[in-house]
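Labels run A, B, C and D following the written order; every chain starts at residue 1.
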Amino acid sequence: MHSSKKLACGLMLASGLISASAFAVLPEESVGNTVLSAPGDHRSYMVDFEFNNMVSTRVVVVDPDSKTYLGMIPTGHAAPAALSKDRKTVYTADIFFSRYTRGDRTDVLTAWDSTTLSPKWEVKIPTKRAFTLTERFALNTSADDKFVYIYNFTPSTSVTVVDTEKQEVVNELAIQGCILNYPVGDRRFASLCGDGSLQVITLNDAGKEVNRTSTKFFDPDLERLVERATNVGSTYYFVTTDGDVLSADLSGKKPEILPRWSLTTEEQRAKGWAPGGWQLIATAPALNRMYVLMHSDHKPHKWEDPSTIIWEFDLKTGEKMRTLESPNLIWSLSATSDDDPLLLGTSIEGGLEIFDLGSGQHTGTMAGVTKTPTLVINH
Amino acid sequence: MKFLDRFFERSSRHVANTTGRRHFIAKFGSLLAIGTAAPVLLPIDRTSKALAAESPKAGDPGDPTSCDYWRYCSVDGFLCSCCGGSVTSCPPGTETSQVTWVGTCRNPADGIDYIISYNDCCGKHSCGQCACTRNDSEEPMYRPFNNNDINWCLGAESNVYNCTVAVIRGIAT
Amino acid sequence: MHSSKKLACGLMLASGLISASAFAVLPEESVGNTVLSAPGDHRSYMVDFEFNNMVSTRVVVVDPDSKTYLGMIPTGHAAPAALSKDRKTVYTADIFFSRYTRGDRTDVLTAWDSTTLSPKWEVKIPTKRAFTLTERFALNTSADDKFVYIYNFTPSTSVTVVDTEKQEVVNELAIQGCILNYPVGDRRFASLCGDGSLQVITLNDAGKEVNRTSTKFFDPDLERLVERATNVGSTYYFVTTDGDVLSADLSGKKPEILPRWSLTTEEQRAKGWAPGGWQLIATAPALNRMYVLMHSDHKPHKWEDPSTIIWEFDLKTGEKMRTLESPNLIWSLSATSDDDPLLLGTSIEGGLEIFDLGSGQHTGTMAGVTKTPTLVINH
Amino acid sequence: MKFLDRFFERSSRHVANTTGRRHFIAKFGSLLAIGTAAPVLLPIDRTSKALAAESPKAGDPGDPTSCDYWRYCSVDGFLCSCCGGSVTSCPPGTETSQVTWVGTCRNPADGIDYIISYNDCCGKHSCGQCACTRNDSEEPMYRPFNNNDINWCLGAESNVYNCTVAVIRGIAT
């Protein structure tokens, strides 16, 4: 009775219907799979921290031009993410527990294909990966994509070095008193230290340390320097909570500390203008401009609070160029690295705010694509 | 997969464009492999209800990212068309479940009742976009192949649910 | 400098302040741990499905009298939960994947202490646990707490039997064409079958099947019987989507099918009154009454929709006694088994609605204690 | 643990009852074991600000389930007092992290500045109740023991974060 005969009957009946219809009967289909094209200049990756669960977290992949949700990458325990320079790989540094909230802990670096969003390979890493509100400079690649640097906090601090060609851990470098890894060129990364110095470590092709320097950068007893920096090439920019910009060229073995400048005039500072947010600064290298989330009613406890107001600065002159405004509170910024750059902001509502930096216009919101997006990153 | 998107989508998403409930003699214990044999339906009380509100477009009218789209008459879950896939394609990096449930939806363009399979896409967790519940032809769980309270990522390597596609499998009799 | 000497100074300074203060200086403290008392009659367990994540899910433990959040039990992939009759144990049937969304699958039955909310033991079970919207009768204990029954769906259906004394799997019973396990006494469970029958399996002390019967219960081609039943002892009550009550006494090897009755008068049915919800019925055994979520504008596609309206029925007479109203839409019900019973409802907003069944009054809402509570269960 | 409860609690939870920022010379690389040595603080720019709005009660005023409670001046996360624990007790089945961060809060009842440790309770995931952020005395992450953007379930068997307690560890100088 309930065999394919019955279905055949149905198909015959349907054939009868076709002739009476203005349209052709729709054909039978099969389920396909989606593969993305190679990432364009604007593809964006939103790191979703999922504050109300935080076990199985995610990176959501979107196209801010078409405002399309392209897919997602599942991660373990608020994993940081980093993009290879050749755009072929998305790295996540995941933690997994055998019983999700307890049991044996396994940390892995996972390499995801940026077109299939499938894992290509993984390597176990020391079970020390830092578990913090996602830091932009916790996970990074070397400029030639050979090494991945993973920040560890136990609370001892160190950096695990993975060789992506060998797909194995080749080193773990103690960075006592210092945090994070700010990558520089092919074989170098910097860390920011509690004594106010910048530490720079240079590696060889085997991932072994060949040089380490420490250079005074700021006085941590006098001011607070936000560790969430931004860079144009080898030049890194940091802001203090009061609104000064400290920068350094890290291309050499020892950093060259650049002149300090201020985001605000004295008048603006007196009125309470100061930076605030999570990833509160971003740079558009093609424009050589920096974008800063600003508060007009700043108080010390607001240094990580979101804002709707973004100031644009020329990095050559330190001059303020424009003010951008978002319809929703933004917590973290990123700008694309192409000649027609976008500025992207993660809203505290879980959406993505999109600005065209040519016109300076807010071009739209992708609402509700994540729950608690701590970062957005770009190629 | 049918789920509590009532918790998320409490707007007027119930569109009465299904053709009534249909009964499927469940063959528990044997996989319903898509591609080898189409699911068999036994219609018993077909009723003609109002069609979807969209003005028909040629052949396959409506917005596949909207819960109102005609093919979604028995869907329950996240729409893959909002998750990086399409109405018939799983999002990047997810795997199609080869076991599924079926519904029968009337296409407002041609007035024909189509058999639609709602394959779950698996191996990543909840997409979270375009939650959509339309239960009209759903049967209790003792007829599982017409039930969408089940996570149908059974025929996939990982049983974790991401979203659902709606695929034409033939014409209902 | 930064030694305990410095702290000692601080303490001396503080001593100076004490005399000037109306209050004694607060003493140093240490961190304690909380242990719950043995569960009272009203303790409630909310099963949180976490629809927007569904990997690491939870059971939230609350006291509806004091409206206090008592703690939580972390679970794997929308695990069902069941309570031991001696109230000492909460069982969850968890699924874990080695990479959370992929990798090796491990299914376990976890036994949690109901006072410490810590795992006491776990046993690996066949990797077949049903993964559905949480069903009240997917996981159950025998009346003497010796056996736990776990419903499997692959889509073949079976029931895993765990001996809780041996802490091992002692059987897996195929229940082809049937679903769930409705426990009866010490050595029996029933299943509801696609052909409209009730299948009853009787076990021996080793967990082996000694008897199996099949009894016609309803006609699935004529009506839809909601599988989400409720029981008073060995008598199980089901409702059809049209509002008829079908019940059976399962105390014997073969069920005794009891007379069918209706929740509605013909007039009420004509007006569109019918049941709807997820766990849409519950019973208060001490009152011998049943509670049903009802819709006045019922349509077939609403059979799983939430409602604010609950009708109360005398199970002896089938008479409607009262109407209860909730301020928020309720999706699932449970009533406590004591002489001063509460009726509890999970709201679609994630809260718990609490009714005193003596007065029939809604006594309060515990708002936001879960995300997507599919069930609430009681001792 | 400090987290984005801004995403959840965007009401006026910032109460200026802290005593300004304080600097802690972080000893990276050595565990700060609670019970063996109290954390050492180096106050540099103490300022007296308005106290909490609650009318003081004897000794330890305020509601421990409210983000406004004086001890929470540097807390960031879910309050254990709403999660089945109390202001000083972890909820059932969670483990206290023995590594922690500290803040200094002024008790409005006696005007004394107390050193408060914010121990995370671990081994179950986000409690999800009473998210509370008060960042006034927070330092950037290069001074980790005054930073609450870190999951401090480091000194526990499982590193999964459930909620935070606020425990008096002594009096600040």
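The rule is simple: a residue touches a chain if its C-beta (ideal position, glycine included) is under 8 Å from a C-beta of that chain, and two chains touch if they have at least 3 such contacts.
All values reported here derive from a predicted model rather than from experimental measurement.
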Graph separation of chain B and chain D (steps between touching chains): 2
Most widely separated chain from chain A, with each centre as the mean of CA atoms: C
Chain A and chain B, separation of their C-alpha mean positions in angstrom: 36
Chain B and chain C: spacing of chain centres that average the CA atoms, whole Å: 28
Interchain centroid distance [CA atoms averaged], chain A/chain C, Å: 41
Residues of chain C engaged with two or more neighbouring chains: 52-53, 55-56, 74, 100-102, 371
Touching two or more other chains - residues of chain B: 25, 124-125, 128
Touch list for chain C against partner chain B, complex: 49, 51-55, 77-78, 95, 97, 100-103, 105, 130-133, 135, 153-157, 174, 176-180, 192-194, 220-221, 224-227, 299-306, 331, 348-350, 371-372, 374
Interface residues, chain D side, partner chain A - complex: 2-8, 10, 14, 16, 18, 20-21, 23, 25-26, 28-29, 31-32, 44, 99, 123-126, 128, 131, 134-136, 138-145, 149-151, 153-154, 157-161
Chain B-touching residues of chain A, taken from the complex the two chains share: 2-4, 6-7, 9-11, 13-14, 17, 21-36, 56, 58, 61, 68-74, 112, 115-118, 368-369, 371
Of all residues in chain D, those that touch chain C in their complex: 25, 34-35, 37-38, 40, 42, 58-60, 82-86, 88-94, 96, 107, 109-112, 114, 119, 124-125, 127-129, 162, 165, 167-173
Touch list for chain C against partner chain A, complex: 50, 52-53, 55-56, 74, 76, 94, 96, 98-102, 106, 119, 371
